[in-house]
Structure formats: C-alpha cells, structure tokens
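Since the structure comes first, as structure tokens, the remarks are kept for the end.
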Amino acid sequence: MANNEKPKLAMYWSSSCGGCEISVLNIHEHILTVDEVFDVAFFPCIADFKTKDVEAYPDDYITVCLWNGAIRNAENEEMAHLLRKKSMFMVAYGSCAYEGCIPALSNLTSKEATYNTVYKDNPSLDNPDGIIPKTSVKVAEGELTIPEFYHTVKSLDQVVDVDYYLPGCPPEPPQIWAVLQVIVGALLEGTPLPPKGSIVGVTNVAVCEECDLEKNEKVISRFYRPYEIVPEPGICLLDQGIMCMGPATRGGCEALCPSVGMGCRGCYGPMPGVEDQGAKMLSAVASVIGAGNENMEEAEIEAEIQAVVDTIADPAGTFYRFSMAHSLLQRAKVNGSNGKGEA
Amino acid sequence: MADKLTFSREISNLMYAGHGSPLNQCIQCGTCSGTCPAVEFMDQTPRRLIGMINADLKDAVLNTNTYWVCASCYHCTVRCPAKIDIAGAMYAVKRYSIWFKTYSDDLVGPVFSETFMKTIARNGRSYEPILATSYIFGFGAKEFFKEVQGATKMMLKGRIPVLPSRIKRLKNFQSMIQHIIPVGEEE
Amino acid sequence: MSEKYEPVIVGFLCNWCSYRAADLAGTARIQYAPNLRAIRVMCSGRVDPQFVLKALRDGADGVMIAGCHPGECHYVNGNIKTMRRFMLLQKMLTQLGIEEERVQLVWASASEGIVLAEKIDQMTEALRTLGPLNWKKRVLNSGNGYQAAEAIPVLEEA
Amino acid sequence: MKKYAYFPGCSLEKMAISYHDSALETTRALGVELEELEDWNCCGATTYFHLDEILANTLVARNLAMAEKQGLDLVAPCSACYKNAYFTNAYIQEDEDLAEHINYALEADDLQLSGDLSVHHLIEIFVNDVGVEEVKNKVTRPLEGIKIVPYYGCQIVRPRKDGENIEDPQFFEELLTAMGAEAVDFANKTRCCGGSLLISNRRAALDMIRILLQNAENSGADVIATACPLCQVNLECYQAQVNDEFGTNYAMPVMYFTQILGLALGIPRKKLRIGSELVSAIPVLSKYLKKEVS
Amino acid sequence: MSEKKHPDNKERVGVYVCHCGTNISKVVDVEEVARWAGEQPNVEVSRDYKFMCSSLGQELIEQDIKEKGLTRVVCASCSPHMHEKTFRTACERGGLNPFLFEMTNIREHDSWITDDKEAATIKAKSLVRGSIDRVVHHEPLDQIPVEINPNTLVVGGGIAGITSALELADAGYHVYLVEREPSIGGHMAQLDKTFPTLDCSACILTPKMVDVGQHDNITLLTWSEVEQVDGFLGNFTITVRKKARYVNEEHCTGCGICIEKCPFNVVDDIFEAGMGTRKVIYRPFPQAVPKYPVIDKENCVYFQKGKCKACEIFCPTEPNSIDFEQEDEILQIEVGNIILATGYDLFDVKRIPQYGYGKLENVFTSLEFERMVNAAGPTDGKIVLRDQETKPKSVAIVHCVGSRDENYHKYCSKVCCMYSLKFAHLVHERIPDAEIYDCYIDMRTPGKGYEEFYNRLLEEGTHFIRGKVAEITDAARIPEEEGKLIVQVEDTLIGRQRRVPVDMVILSPAMEAREGSKEVSQLFKMGCDFDGFFIERHPKLDPVATMTDGILIAGACQGPKDVPESVSQGAAAAARVAGLISRGTVMMEPVRASIDQDACSGCRICNNMCPYNAIIFHEEENVSEVITALCQGCGTCVAACPSSVITGAHFTNDQLLSQIEGILWDMRPEKVTA
C-alpha cells in the first residue's frame, strides 16, 4: 500500500445476531486506535451507508472487511460477492461466518418448516391468511421483490473466497485486536501476513488445555442437561456427565464457559486435521460411555448402552451447535413439506 | 447344477414346508431304514428310495410300495444325521403319484386318500363308514368279515356314528379349499 | 446404473474377523452382491464416525461396519467401543434424516463367510428398496450451488 | 383358572367319545377350562398331506385361526391333530410365503392367522400347566399296584421339538406315578402303532400292533395308557384280528390316560365311559371301582 | 476447511493388476482396469500381469521402482493376508520402503464372489482407485523389533503337550508345563494299546512322562490352571493357580503308604471312567508324574467331618508330608510364547437315548472299554459284563456315536474307525470264540498301516455291517433275543433291517472340544470355531500357529487327531517357538498409535480406551502418551481422540479418508446419472 491514505475498514452483518458488532466495541480503548488507523468505509450498524455507495467504490478499495453472519438468503450472497470484490482482505468474523453457527442449525430442517414456525404455527403471531414471503409480489404500484430465502444455510467461505477466519460466538476482544493488529502492522510496518486461510487469534490445542478443572479417566454412566445437575466445582464437567465440547474445540477463549460451570459449546470450531467437529466429539463421548463389556451378552450390552445414549437429548444440535454448515453432511435429508429433521 | 427339472428336483419342490435338508445330503447311512417300524413290508428301504430319487430313477421309485407303507411316524426324520425330513419326502412322493395317477391300482392307500379328502371337502369332517365302503374292496373276504365284525362291535358300543356330522359354515369352508386347489365341488 | 439401480456400500472390515470372513466367502466361491467396497481396518474400533459421514457425503448409499462378535474381539473389546459409537451415531443420523438401514453394524467371525455374504445381500436389497442417497446431488444440490426448497427432491423419512 | 380352545377332532365325536368325556371331566376336576372350538373342521389327519401340503396346512390353519380369534391357546387331545396344529402354527411363523397362501385362503371364511398362539397336546396341560405335583394332591383314589404302559406313540413327541428328549420322554411316566400307579419301563413307548396303515396296509399295521402288545405283555403290564384315539382304537379294537393273524391271545386293555386319571381323581366310572372298550378294563380296575360303590 | 495437508509434490505411483491365471481375469477385465488406472492422478505406470506373485511379476515391480523412480506401489490381486508380505519385500528389494505399498483385493472380494463381469470390473476399478489415493498418503515406516523371552508356556500335559515341552527343553529352552490334573499323561495314559501297531500305550508314554518329570529345563506345574494372560508375543505374563495338594512336595517321597492306608474308596470318574475306584488321597495311576498324591477334599472325611488323618498318621517322612493347611498358590510366570495343547473331551453318549447307555447296563463307552482291557485297569484286562464276571459271547461295536451327525457333531472324529477296529481285535484276542459285529457308516482308515489293520480284522472274522445303528433295545420279539441287547440297524449292503442280539455293546463316541474351550480361547485372546476347536492361522499352510502372534496350538484342541498326528503337531509347534527364540527378536508391524505431545490438550478421553493399558497420562505436563511397546495398533484411541492428535501409523485419517474418497470416485455428482 504505497498510498498515504488511511486504510478502509468495513463491517457487514448477514444472518447473525449482532453480537459480533457489539464485540468490536468490546476492545475498549483500542477502538480509538482503530478509529485513528482506519477510515470506516461501510458499517451499516454504526453509520448510514447504502449498497450503491459500496458499488461505487473501486475494486479492492476496502482494506479489511469484517464479515459476520451466515449466508441465509440471496441478499446475503449478493453482498458477500460485492464486498469480496471491493475488499483486499475478507475476514470471516465470528462463528456464523466461519462455520454457520446457530443459523445453520436450521439445516436440520427445511425451508418450509422454518417458514411454518416463523409465519404459521407459532403462538406469538397473528396471520389468519397464512401469508408467507414470496420473492416477488405484484401490487398496484408495480412489482415488489424481496431476496430469496435459501433452503440451506452456508458459511461465508462456501460462497466467496475468504482470507482469514476469526472464530468465536462472539470473538473475544484480544483476538479481534490481534487480527486488526496483524493487518495494520502489515499495512504500516510491512510485517509479514499469516498465510491465506489462517484461523487467527486461536491456539492449536483444544480448550481443555486452558481449562483448570481437574480431569480424570472418563467413564460416563449417564449425561445431564444443564438444568438437571449442579456441577461439583473444580471437577471436569464431562467427568460429571455434563456435555462439554472442550476436548473437540480449538482453544483461545481461555475456557471461559467451563470455568464458570457451563460446558463448552464448541464455538471456536474443530481442531486442525479434524473434518467434522460434531462427529469427532460424538466419537469421543460415545467411547467413554460406561456401559457394556466383552463378558456380557450382546443384548445386555445394547440395552446398557442404549440407556446411556437416551440421556443425550439432541445429539445433532449438541455436537453441531456451531459447525453444522461446515460439517461433512452439512444438512439433514428432509421431507420438503414437513421439515422436522428429527424422526 | 444343471437347471433341467430332474425327478429329485421335482420331489424336493413338492416338499413345500419341508424344513429339513435337501435330499442330496443323504449319506446313505441307513438310520432311517434301521429305525423304520414298517420296513419289512416295503419292497425298498427308505434309504434306498432316497438313493433312487437322487439317481432320478423315477419309474423305479413310483413302482415301489415303500412310500405307501410309510406310517408317517417321523422316527426316521428325527433320527436322520443329515436332518433330512424323510417322512416328508415320502409324502412328497405320495403327492406326486396321486397327481400323476402313477400308483398301481391294487394299492388301497391312494383310493382311500382321495375318498377321505372328498368326504372332508363335502362335510368339513371325516366319517368312518363312508370311508369304509370306499376301501373295503381292497380287502379279501376274511378281512372284510373282520372289519365288519369289529365295526359292529364298535357300533354296539356306540362308537360309530350313524350319520355324518357337518360343519356350519360349509360354503365358506369349501370356497376356502377352492382358493388352494379346485377340488371338493359338490358333484 | 440406469436400468437397475445398484447401491454402493462402503464396508469397514476388521482385519481379524470380518475381513477374513470376506476372504473366506471368496475362497468358498459364495456368490453375493458385488455392491460392497471394502476398506480394511485393524479393528472395528478404528472406525471414526467421520469415516461414515465422509462415505455418505461422497456418494455411498450405505455404510457397513463389520467386526468380530462381542467377546471375540482380537483386541479384547474394541468392538464394544464400536457399538457405543455406532448406537449414538445412529441416533444422530436419524436426526439427519438418514434411514437406519443405510448404516449397519454387523458381526462376522473369521469362519462366518456365509453369514457376512448374507448380511451384504440383505443390506444391498434393503438399500435397493430405499433408493439412491447421492448426497451431494440430491441433498446438497451438487456442490455449493443454491436451489429453492421447492426444487429439493423430497425423500420421505422412514 | 386357565382357559383353552379345545379342538376334539373327528375321532372324539364318536369313536373316541370316552376320551372326549373323560378329558372334559378330568380337566374340570383340575380347574382347567376347555372351550370347544365353535365349528371346527377336520384337520386332514395325515391323509391330506398325501394330496396337497398347502391345502392340508390350510385346513389346520382354519382351526388355529378360530382359536386365535378367541385369543385362546389351542388344545388337541388327538396326537395327529396336535402334530398338525403344532407344526402348521410353527410354519406360519417361519415361512411368510406359506402364511400368505394360507391367509389368502382363510379370507374365504373371514379368518386370519398370525401364528402367535401356542398349541398343546391335552397331556401337556396336565404335565405342564396343572403340574404333576398338583395332580398328586388331587388324587383321591391312588391306583396302587397297577402296572401301566405309558404309550406315547409317535406324534406327541415327533417330529422333533427342540430341546426335548424325544427318544426317551418321561412326562407320561411322571403323570402315572402321580396317580399312584406303576409306570412300566416300556422300550417301545414311542414306537409307531401303525394306525395310519390299517386301511392301506393291514398286514403291516397288525404286525406293528402285535409287537407293541407283545412288548406290553412281556413287561408285565395290566393296561396300556394312550393319549391318542388312533393308537387306542388300533391297539384295542384290532387285538382280535392280531390274535387270529398271528395265533396269539392278547387281551390287553387299552385306556385313555384321562380315563385312568379320572379314576384316580375319584370321578365315577360311568362319567369316564369306562366299559365302552372292547377289551374290558373292568377286571383290572375292579378293586378301585369297588371303592367307588362303598 | 480444516487445514488438511495435501501432498503438493506429486507422487509417482505404480499400479499392477494381476490376472491370477484366470482366477481374476475370467470375471474382471484386468486389461481395462490397468489401462484405466494409468489415467488416474499420481499414477506413473500401470501394468497387468498373469501372476504378480511370481518372481517375474515381482521383478516387474523392482525394475519400475528403479527405472521409473516409483515412490508408491499398488498391487491389485488377492487378499493382503495372502501376499502382502511378498510384495512388500519386492518393494524393499527395489529400494522402496515396504510400507509405501498398498494391496487391493480384487480376487477374494471381487472375482470370486460374482460372475457379473461389468459389476466386477467397476468394483475392481473403485477398489484400485481407493488404494491409489490411499497410498499417496503413506509414510515410510520401520518394523519394530521386540525382544523374545526365551521361556515358553505349554498348557496341557497330554501327549501333544509332553512332546512340545520335551522338544523345547532338549533344545535348551526353559518350559513351564501346566496341567490341571494331578498327573501328566492325558488321554493316552488311559489307553491300553495304540493302533495300528498295538504297542502298549503305557510302555511308550511312561518314559516320556518321566523325562518331563526329571528335565532340568521343565518346570512341571500339575494340579494347576492358568488364570490370566497379559502381554503379547515375546513378553507374556501368565498368572497360574497351583491348587492345594495337601501334600508337601518337598518332603513327599511318593512312597504311597498314605494311599494304602486311606480307609476310603470313591468311584474314579476321571481316570477309570467310572469303571473303578480310587482312594480319597490318590495318584491317578501308578506311573503318575509327578509321584506326589493329592487329597480329594470333597470326599476327604477329615475335611468334611474333621476326623481321620490316617494319611498323616502313617506318613513315614520327617517332617510329615501331609499338610491339611496347604492353600492354593498364585504364581506369575514370564514367557515369550505359549503352546496350547488342551486336548479333547469324549461326547456324552447319554445324549443319544436310543443307544440306551446308562439304562441298558451292558452298553459301554470306548473309554470304559479301554480301561477294561487295560491290564492295569479295574478288571485286570478281563473283558466282562457289568457283573464283573460273565464273558460276552457276542459284542457289537457302534461307530459314529455323535460324529457325522447334524444333531450332534457334523464332523468326522477321524480316530473312531481305527480304535473300533482295535477293540474288535482285542476282543478276538481275549475271547477267541466271541462273535463281533462292527457297525459303521463308512470305514475310514487313511494312514500308514491303517487299511492293512482293517484287512487284518476282516481276516480275524469280524462281522462288518455297513449301517449306522438305529437303536439298541432289550425288547425281545423272538426267543433268540431274550435277555440280549438287540442292535437294530439296516445292513445297507443288502438293504435289509437287521436285529442283532449281542451280550455287549461298545459305543465309539465322537471327540469333541474341551468343555469351556471358548473361555480358554478368550483367556488367550485367540479364535475358536463353533465346535469349540481352536482356529489355526491357515488350515493348510500354518496349522499350528494362530491368529494371535506368540500363541500356538497342538493336538486335539485344534480338531480330532490320533496319537501320531498329535505328536507331530506338538513337535511342529515346538520347532516354531525354538525358531523364534533363537532369533532373539521379532519384527512387529509398525502399526502403532502415537500422540502429538504439543497438540494434546490432556482431556483424557483416550486414557481408558486401551485394552493393553498402553496409554498413560502425565499429570505435570498434562498430556497423554502411548507406550509403543505395549500398543497393539487397534486404533480405537485414534478414533476416540476428539482433537485428532493421536495418529495410527499406516491407518491415518488422511489415508483412510482419501481411500474413502477414491473408492467412491464413480459416485461424484458429475459422474452419477441417476
């Protein structure tokens, strides 16, 4: 970047909760540095920009685009392509952009089912005519269109090329600052950039390493849902039968959740070399089920194991809470009309 | 392995619910014939009959009386070390010979069977006297006399019915039979 | 493929029992459906659920995991761990709309060539009745392309 | 008290009516209810299997289906009927194809058979359900000093029923001992009586009967107990023919085990139709019958 | 999007498709497969050849490695269990690490199971593609040397076990011989004569037993049972329970006075097969090794009622050898190899009621007869009926009692024909005027001098009846049958049922697997078939080894056998072990798990995955570690590790995932037209 202009920062949200935007402000006084280093080129959440403004920018005009949110509909995809075109660095910011996160859980069901829940059978709404969104509708003034709602939720990198990933739901302040530093450093001091595709602000060891709870050999004879048990302090939650994705999740968060007695949900995504975080955790958890041994009759073994398996209410939702869109199967095979993924 | 329909194959096919081993598993050990309580009255022992079936000696097999002498006591079947349902096989040969009318006329068995079946098809239940008339000619005068003697004695003791009994839902019963094979029409 | 649909099964056979059972089936010239494509692992306990999902995603219509009978595992109890994983996996697969018949766990000792052959025949038939899975094309609508829900081939759940 | 669908079979209507009556008497005395199958049909005996296996099984299936409809297990006093019922019932479960054929035929009489009822021979009711001990307790007239042949015949124990000792069964002996009688060790207890041959091959049948009578006499028995009308008629009604044929002079009473049991339970002999047999059992039983008078 | 490392440097793979004569090529279009393989990514060269396992076939591979600089080799032929070793060594000769080779099974798994050429060829292609994509991810590995402990455990002191023990001991290696009875000798010690040479069993066996008893290299543990087996080839740890004898082996001289003085007799069901009695303190038979007696606690009046002690009172040794306080000892033994020679049981003839055993008193079992004709036996070798005096004038011998019978044992017990003939001979010899009827299904006498022995019996005048005996009864029909046993059988050669009246019947029961052999096979972590016999590694080429390295089998525990066969197997097993020991170390497959210490988070999921306890946890570093020496390579921990930091060498995730992808090459959306 030979020019002496300030680098341009953009942040856009697609299918997400908005927590990521807030998290940016969480970097406290650093936000001032950000302000002095960057010009904000596009940030609908804090300043009024229109899409046409962005369209007007020359390509690669924006230095860094922090994209948060999953790809849920045609508009999301459109904007993704646009911002990709206009930005030098596209950062998948937060779990939704990285691997689908909560929005992608709707991949367990169908578009119709989602519509039904949102527009039809839902106690809180009043829609006697059962109207559901159509991509285009004719009115007196002419034709109105809204973006198409996709059947399958995707992560950002499933639609556009992504330079860096910043996992977390939302990312933790130190990480955010870290990734901005990296880029700023590169721009101002010309320090080398991490290789394209890097996941920044994380460690390469699972959460357990950062978790101080005492871990023992695991033999789990039943699982508890958070409301069913008060965890014994100081002891590994998984050892107590409380589901904790820590073992299958990248570190970097300082094990925030486990340290306060809440099992890790896995928002930092899979470990290096893991194709499917959910499957891996499933395998680990099942392996330490304390049921069945080689001296029992097959039927007994099955019965014992089944009893424990029954205490895991919603495996798909538990193991894929954040990584559905990036999982191997990516979505459920569902009957288009009644979308329930569960059988 | 050839798919031409051999006699042995035909017989096996007739053993529909026969849940034993196929006939070609026979090791010719003779347990069946050693067991058989009626073997002395057979012109071929059951073992030989199996052997002959496996050798496709169709006519030779059908010309024996062996399968009609079989009292279907299943003693051979339960002892067979190859788990062949020998009594079942005997039935199969009986069926074959009745269907293709290959049995010799001096045999009482088939005639009896047919009458028996007709009686049931007609009444839904069997009835000894009717049966008697149908096979009695199969006997010499002496036996005939004896039969009657015995029969009369039983009659006196009230052990032979005077009239045949019939079942109520006879029509359904008969059409049930029709569903399987067209026999038993009232002629 | 066009005239009669031939399902493709990826089989994970343990080195000591089921792979040998398959060898035996061959040596004994037992004729059975050629639809299973075997991958040898040392123990059914090596089968990572990722493998199963990978196979389904990459186009398999079904996955068979085969090991030694419980109590006969060459590694004492590897197959018990397989059972644990398999049963939890099955529960999750139902949530993902994948019929039970598509992923099966079977036992076959080294001497049970016939047993394995029968299991493979049965599974092949079961899959034939279920029809093709063809995940990427029929469920993900090939690669990353999008498609409205209406266009998604509707597969009734079991 | 346990209740069963009771399938008497053709013989018990007349020929073996004493079996029929004594069966009802004894079961009642021991608290078992037999409800006669309404509109039962002939099961085809062994003969129908000469003609068509599916048809034969269908005849049997009709009776089974009617019992199933009433939600009762089936009891047959005739060994041939029992064997047919037992195996048709088993095949129905094993063999879907057969089940399909049969049920198709049964539609003609608005019946269906799933095959999940169980089928018992009458004697099994006393041995398994009532139990030998219970019988013992109910005996009011122990038959001490009488030697009885426990004659099983073929089809109670054959063809194979898994896990049972079908070559040297013991339950009949146990039952007789419970009545206070002495069960003689009868080598030919499961040897065929030739019943089904009487018509087709008389010589054979008579010879087979002879062998049994001989064995019975040699073993010093007073009476032969049977659990099958065919065996009974054979062994008894044809003794005369046997004697003529082979110049022997057997006079061996042959009774239904239910008649003997009834006696031991103190049921009056008329009700058991003791005396309707051709070779009278009265002499052998006289001392127990006297008790009846006093 | 996980950072999966794809090998940027393109590998050079050689693919070789074998015709296996016509075994493969008659169903699979091998030329086509080879041609097609050539077009697959990373493939440098691909060929088809008549016999890849032939030396010429192997040379092909070696040349290509040298000339075409192959870095990976795939061979599509038979099962890896058949020829993996062969081709690995070929690669090695070619200068390529043997583990850069992958085998594709297109024979057992393909050409032999279908005749659908098209389907078979498609299947072959996908299997080959799977291997290609897999082998690209292979890494060079070195086999792991394992030290072999030179001591050997032999389980079972029958003739097979005795032979193994002596062979090894004479070769200078130490042997622990464990026998659960009070004396070694096994079934052979119960026999009188051995066919076909008719030399006295005891005369040839006793010297060997004595050798075992006195051999410096043999630790003899009788009246003992193996309770636990840990470890693996080269280093087993065995836990043995040495049951209390109540006789102190240090002091006992085996004088036998205690036995003499013991006032109580009990029926000897084991050695005398119920034919004779023994004292409560006893030695199974006079030539027993070791000589020390055993007190049968259940029947000992002192143990039951608290008085007697006759044995102690009369024991002449100082200090007294009787020790009522003695307790079971638990011993730990370290060995490198195990030979199982646990022998067989005899079929329980009571299971065939129609043969009347137990009901008809003069029906005997073969073992009873063996004891009877044994000069040292209960009747001093006299052949008599149960009444102990009457000589039978006629004897029937019944073959195949429980053998060749789907109701009991499908298999042929192999030895019965011969020992039945032996019985016939012995009766001829001892009761020259007796009529002997030998009822057989087929006369099976394959063996040196066996058929000749059969001929000899024909000359001696045995009446042979070809037919399986239907029943044995005492229900006479004619005067000649009165008071006799009647053997009812079809003489199949004349096609008539015969009723043969005899005084004595000898049943020749099947040999069956020892009761509890299934438990034994689990204890030793090896296979046993449905009849309960132990499974050999290869039925033809490897009859004494098992699927479990370091565990061998000999004698009748592997299947029915006669003495000569058992002996040769005993020797063969010993030779195997001796060979291993002399090598000192064995090379083991490097298929082992290892944990990336830097990436392990210490979650401890894997800690109790390992059946061999090869995984340990380091508290201070908070990481787990696999002890390579203990790891057996099953890969269960690899599958369990939630962060994929455990690698299973030669079965890595990359290798297997790529194989899956490859095997499904024809199922990719663009290829599927469904």
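In order of appearance the chains are A, B, C, D and E, and numbering begins at 1 in each one.
Definition applied: a residue touches a chain if its C-beta (ideal position, glycine included) is under 8 Å from a C-beta of that chain, and two chains touch if they have at least 3 such contacts.
Because the structure is a prediction, the values reported are computed rather than measured.
Asker: What clusters of chains are still held together by touching when chain E is ignored?
Answerer: A, C | B, D
Asker: What's the overlap between the neighbours of chain B and those of chain C?
Answerer: E
Asker: Considering C-E alongside A-E, which chain pair is linked by more C-beta pairs in contact?
Answerer: C-E
Asker: If every chain is reduced to the average of its C-alpha atoms, which one ends up farthest from chain C?
Answerer: It is D whose centre lies farthest from that of chain C.
Asker: Centroid of chain B to centroid of chain D, CA atoms only: how many Å?
Answerer: Between these chains, centre-to-centre, one finds 21 Å.
Asker: Would you mind pulling out the distance in Å between where the CA atoms of chain A average out and where those of chain C do?
Answerer: Chain A and chain C have C-alpha centres separated by 31 Å.
Asker: What is the distance, in whole Å, between the centres of chain C and chain D, each centre taken as the mean of its C-alpha atoms?
Answerer: 53
Asker: Averaging only over C-alpha atoms, locate the centres of chain D and chain E and give their separation in whole Å.
Answerer: Chain centres of chain D and chain E, defined by C-alpha means, are spaced 50 Å apart.
Asker: Enumerate the residues of chain D that touch no fewer than two other chains.
Answerer: Only 167, 211 qualify.
Asker: Could you tell me which residues belong to chain C and also touch two or more other chains?
Answerer: Residue numbers touching two or more other chains: 48-50, 54, 71, 76-77, 81, 85.
Asker: Among the residues of chain A, which ones contact at least 2 other chains?
Answerer: 274-275, 280, 283, 287, 294
Asker: Sort out which chains touch which and give me every pair.
Answerer: Taking the chains two at a time, the touching pairs are A-C, A-E, B-D, B-E, C-E, D-E.
Asker: Residue numbers of chain B touching chain E in their complex, please.
Answerer: Residues of chain B touching chain E: 21, 27-36, 39-40, 44-45, 47-48, 79, 81-83.
Asker: For the complex, which residues does chain D have touching chain B?
Answerer: For this pair, the touching residues of chain D are 10, 13-17, 39-42, 44-55, 57-59, 62, 87, 91, 94-95, 98, 101, 104-110, 154-155, 158-160, 166-167, 190-192, 194-197, 199-205, 207-208, 211, 237-238, 240-241, 244, 276-278.
Asker: Can you tell me which positions in chain C touch chain E when the two form their complex?
Answerer: Contact set of chain C toward chain E: 1-2, 5-6, 8, 10, 16-17, 19-20, 22-23, 25-27, 29-35, 37-43, 45-51, 54-55, 58-60, 71-72, 74-78, 81, 85, 109-111, 117, 132, 134, 136-137, 142-143.
Asker: Quick check: in the complex, which residue numbers of chain E touch chain B?
Answerer: Residue list for chain E touching chain B: 354, 400, 404-407, 441-442, 466-471, 488-492, 495-497.
Asker: Spell out the residues on chain E that touch chain C in their complex, using ranges where they run on.
Answerer: 79-81, 105, 107-110, 112-116, 119-120, 123, 126-127, 130, 522, 525, 527, 529-530, 535, 547-548, 591, 609, 611, 632-636, 638-640, 648, 651, 653, 656-657, 659-661, 663-664, 667-669, 672-674
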